[in-house]
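Several structures are given next for inspection.
In the two assemblies presented below, subunit A is common to both, partnered first by subunit B and then by subunit C.
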Partner chain A sequence: MVVRAIHAVSKPQNGVGAFVVQCKKLEFYYCDWAGSSKGMNSFIRHQLPLFAQRNPQVEMTVTPRPRRHPFVRASYVNGQAKVVCLRNLEKLQILDKVRLMKSDNGEKLKRVNKPVTSINDGVRGIFSHLHSNKLSIGLEGMELKKKKK
Partner chain B sequence: MFSRTIRKSLIGTRWAPVKTSTQSQRQAAAALATQSTPPASETNPKPFIKATTRPGSSPSHPRDIAKAKPQDRAQILPSYEDLRTQTFEPRAPAEPTTSTDAVIDSSVKQLLPHLRSQPPFFTTIHIHGRPYLVTVGDVIRLPFLMPGVEQGDLLRLNRASLIGSRDYTLKAGATKKGETPKYLDERLFTCRARVTGETQEPLRIKEKTKRRRRHVKHTKSRHKYTVLTVTELEIADAESIADLKELPLPSTLDPATRLQSLQA
Partner chain C sequence: MIQHQVPLSSILDSYLAPGANVFIFTSMKRIRIRGQLSTSQFTPFSPIRNPIASCSRCKSTRHNSSQAAASIPSPFPSPAIKPLVLDAQFSSNLERFPSPPPFRALQSAKLAALHARLDLSPKIPLQTLARALVDATADPDRGHNNASLAILGGDVLGYYCSEHLMCHYPRLPLEVLWAAQRAFIGPDALGTIAREWGVDAVRAPGGEVDPGLLQFRQEMINELHYEPGYFKKKRAEELEASLPPRMRKENPNDDYTPGNWQLRFNEAGRPQRTTITYRVMNGDQFGMQPSKADHVPKHTTLQEASSNFVRALFAIIHLHGGQDVSKQFFRNHFSSRALDLSKLFAFDHPNRDLLLLCLRENFEPPVARLISETGRRSAHPVFIVGVFSGHDKLGEGVGASLLEAKTRAAVAALKGWYLYSPLDVTLPSEARKTDSKKTFKPNMVDPGEVVVY
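Up next is the complex of A and B:
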């Protein structure tokens, strides 16, 4: 018996059929006393309830962390976690940061030069000059020379 | 400067038709309800094309905003907070800037079924005039952060200059230099993409130097990007193409009817 690998019929691509939000958990840490937590405390009071309501698929926790700067930690499906310090930020600046962390996929930040990434094979196939018709090899140059004269 | 930016963007925004306050409130609530459901549970997701409407209040016309006195403007314009926490309702996309041909060429009608019978397809879709050659499942990292969209939204991309399979290619008409580009008739194909998230790039640090100044300034920037995944690419079937000549042009439809036809 020859051992054969099982061919994958389809490759999982998030968003093509079902779409799963990649952010699992957001942990908010704040201090009641310190001034750097002023915006964070305001965010927790005014912005967080609605934000949590709109994103029921993300677990959110709020934890006191006395005498320290506030921060948020996001955990992702791929096992990565990202931490952002939120000291001295206003509540809407925090909302922007948190929205971005929630929309992220948890991968390490990379510089991408090409906008489209694909795992599919090229639809039109690969060009082969040997199999293309209407092409006689080695004669094009001669014809060009003739035309110039 | 900041308030000016908001005002400018508001005036530049295309507004949905004004509805009665109760109706718009109900719709805003419905929009909120659809947004709060986890996208994974969607079995048959409908295209979600965004509108910029404040929840619970009918939008002011940009003309009113421009006419209002500076002190009254603050009341008409939504606050900074509103702009970030607002919800959206589906709306028809902007009309194509270029006119599509009223009569579809007979060769298109003849060959489109051949193209349709030969999946997979590729297409060159245009977003803000930039071309992206994609197939189903491809990830597009747009070079900008798209405003007014949320993670999980489904967008219909209606500007394509090229659609093809292995042997057939349908091209939009050629343009001369300086002319506005031409796109394929949006009734011939369906291309949808899902907003799968937003990402950043690693921090850029640019060294700023001047001559004879023994000082180097480091400026930091980090761009944000919207990420789309192409979920659907289909070509119209032969029956609907047969009477395409009788179908009204997209530019002649009113926004509501056009949205319905696009969602179908």
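Up next is the complex of A and C:
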């Protein structure tokens, strides 16, 4: 056999072709009675219907959780879930939180030090001193002497 | 204290916007409020009209996969249709079905969300999408599982992928072509793609589970009791269970192992080598032994079931949208994935292959020359060697010894030859009589890879 093949699996590049929203589910928990759910109840009445309509990619559930603080849980395509407590927040503050969770990719937060992260090689290649012009630093005089001979 | 004069859920019900995938749990018992998506569609084919006890499931589904496309322009039912109470009446009987009945597809927020997430055309009804999620191991009825769709989808996917690879890389050796095909649309790639689409699987299939989940039957692992070596044994069993059936130790000759064709015997009873030609003639699109067509396994794995779902979904897109739509879907979700083709090659004798290639193409025989070096007597020498054919440099390699650098240079030269990509390519599926913009220009066809007898 002249050429053998190595098994590999192609890697995803979300957004290069299609973009798939990474948040797949948002679960809202509220209490009808407790004061910390006041903003949450207002959010469910006034903001959620339009938010759900504008984001049909995300499955949403609304569940009562009596005598407890309200929260939202977001499940992501990568298997992770994020939970944010929403007690005593106003409806627009909740909307901001929910938008943030919807646009998140579900990965754990990590420090990004490099400005660019890429799986592609740099177009300029890597510098190789073995390919560059041969310079003899500090030996210029010696070369001149050789040439005289 | 907050007082609601009207329960929150009833307010929401009136607010619910069309297209929003919201479920409301009004009490801890999780009763579903009839919003837009929870309405059951009242169509003449709907099984709700006929009591489930008397109707055959086939009538309803056959409509859902083919005729529904013509009669239902939108996958979502119109808001004017009043919800039926009948589905609640039959909800107690749902467990009798091996997979969720078609009418439940309209009640699933998961399914609608998946439809929107993949940006599918509104021509594709939710019931059809639900059918793509039913594996043959969950429902053996061919009218309800995705087996037939998966065959079509696998073939169309294979056509697009092989066309893409063969036209853009006409010199790719066959083994590498198979590996590339498998890297884009092989079972492991499709399983990954389904997971990236956010498709969840059921623990066990049934009529009562959400139709938005992937329905398949997997082998249940018997729970072990603690004894010395418990975790080692458990890990081994889990690993074994995660493998496809054909790769398990229990039945090595039951099906086939990828890459290794099942041992064949000639007429004299001696083991026979599986050649490339044999794999071309008898293998599937990845050059492997095809699985038995009429054999439906009792259990399957998540990967197998997921890949069948992706194939079935592709078939649905092809059937409902046509070739242009399915090609666009292929470009968006499959060929846009990253794969470095140069990493798929493994050469046994690159110097010999390069020599043979040069002889075949009437090039001058390759000569290796040292381009540069440093630290020959040190612990870490570096040599840069180029292979030249006459005055043309075919390839260049870096190595810690002269032989290594020479071999790497030959590999680079061979990869440069095999990975040639023409600039102007017309795919056969792009050029059609109706499309006046593109006329078909014949593509390059290579004599083939180097063969050593």
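By our rule, the second predicted complex is superposed on the first by the 121 of 149 C-alpha atoms of A that agree within 3 Å, B and C clash if a C-alpha of one lies under 4 Å from a C-alpha of the other, contacts with A are read in each partner's own complex, and residues count from 1 in each chain.
What we mean here is this: a contact is a pair of C-beta atoms (placed from the backbone, for glycine too) under 8 Å apart; a residue touches a chain by one contact, two chains touch by 3 or more.
These numbers were taken from a predicted model, which means no experiment stands behind them.
*Asks:* If we overlay the two complexes on their shared chain A, which of subunit B and subunit C does A:119 touch? Say first, second, both or neither.
*Replies:* Both subunit B and subunit C are touched by A:119.
*Asks:* First (subunit B), second (subunit C), both or neither: which does A:24 touch?
*Replies:* A:24: touches subunit C, not subunit B.
*Asks:* Which partner does A:103 contact after superposing on A: first (subunit B), second (subunit C), both, neither?
*Replies:* So A:103 only meets subunit B here.
*Asks:* Based on the superposed arrangement, let me know which partner A:16 touches: subunit B (first), subunit C (second), both, or neither?
*Replies:* After superposition on chain A, A:16 lies in contact with both partners, subunit B and subunit C.
*Asks:* Who does A:50 touch here: subunit B (first), subunit C (second), both, or neither?
*Replies:* both
*Asks:* Show me the subunit A residues, by the header's touch rule, that subunit B contacts in one structure and subunit C contacts in the other.
*Replies:* 11, 13-14, 16-18, 20-21, 50, 53, 56-57, 119
*Asks:* Using the touch definition up top, name the residues of subunit C that touch subunit A in the complex.
*Replies:* Spelled out, the residues of subunit C in touch with subunit A are 1-2, 4, 7-9, 11-12, 15-28, 30, 109-110, 112-113, 116-119, 173, 175-176, 178-179, 182-184, 186, 188-189, 192-193, 195-198, 212, 259, 276, 331-340, 343-349, 353, 371-374, 382, 384, 418, 449-452.
*Asks:* Show which residues of subunit A lie in contact with subunit C when the two form their complex.
*Replies:* 1-14, 16-18, 20-21, 24-25, 30, 32-35, 37-38, 41, 44-45, 48-50, 52-53, 56-64, 77, 119, 130-131
*Asks:* Could you pull out which subunit B residues touch subunit A in their complex?
*Replies:* Contacts found on subunit B: 32, 35-40, 42, 80-81, 84-85, 120-122, 130, 132-143, 151-152, 164-166, 194, 196-202, 224, 227, 229-231.
*Asks:* Okay, in this complex, where on subunit A does subunit B touch?
*Replies:* My answer: residues 11, 13-22, 47, 50, 53-57, 92, 95-96, 99-100, 102-105, 107, 109-112, 115-120, 123-125.
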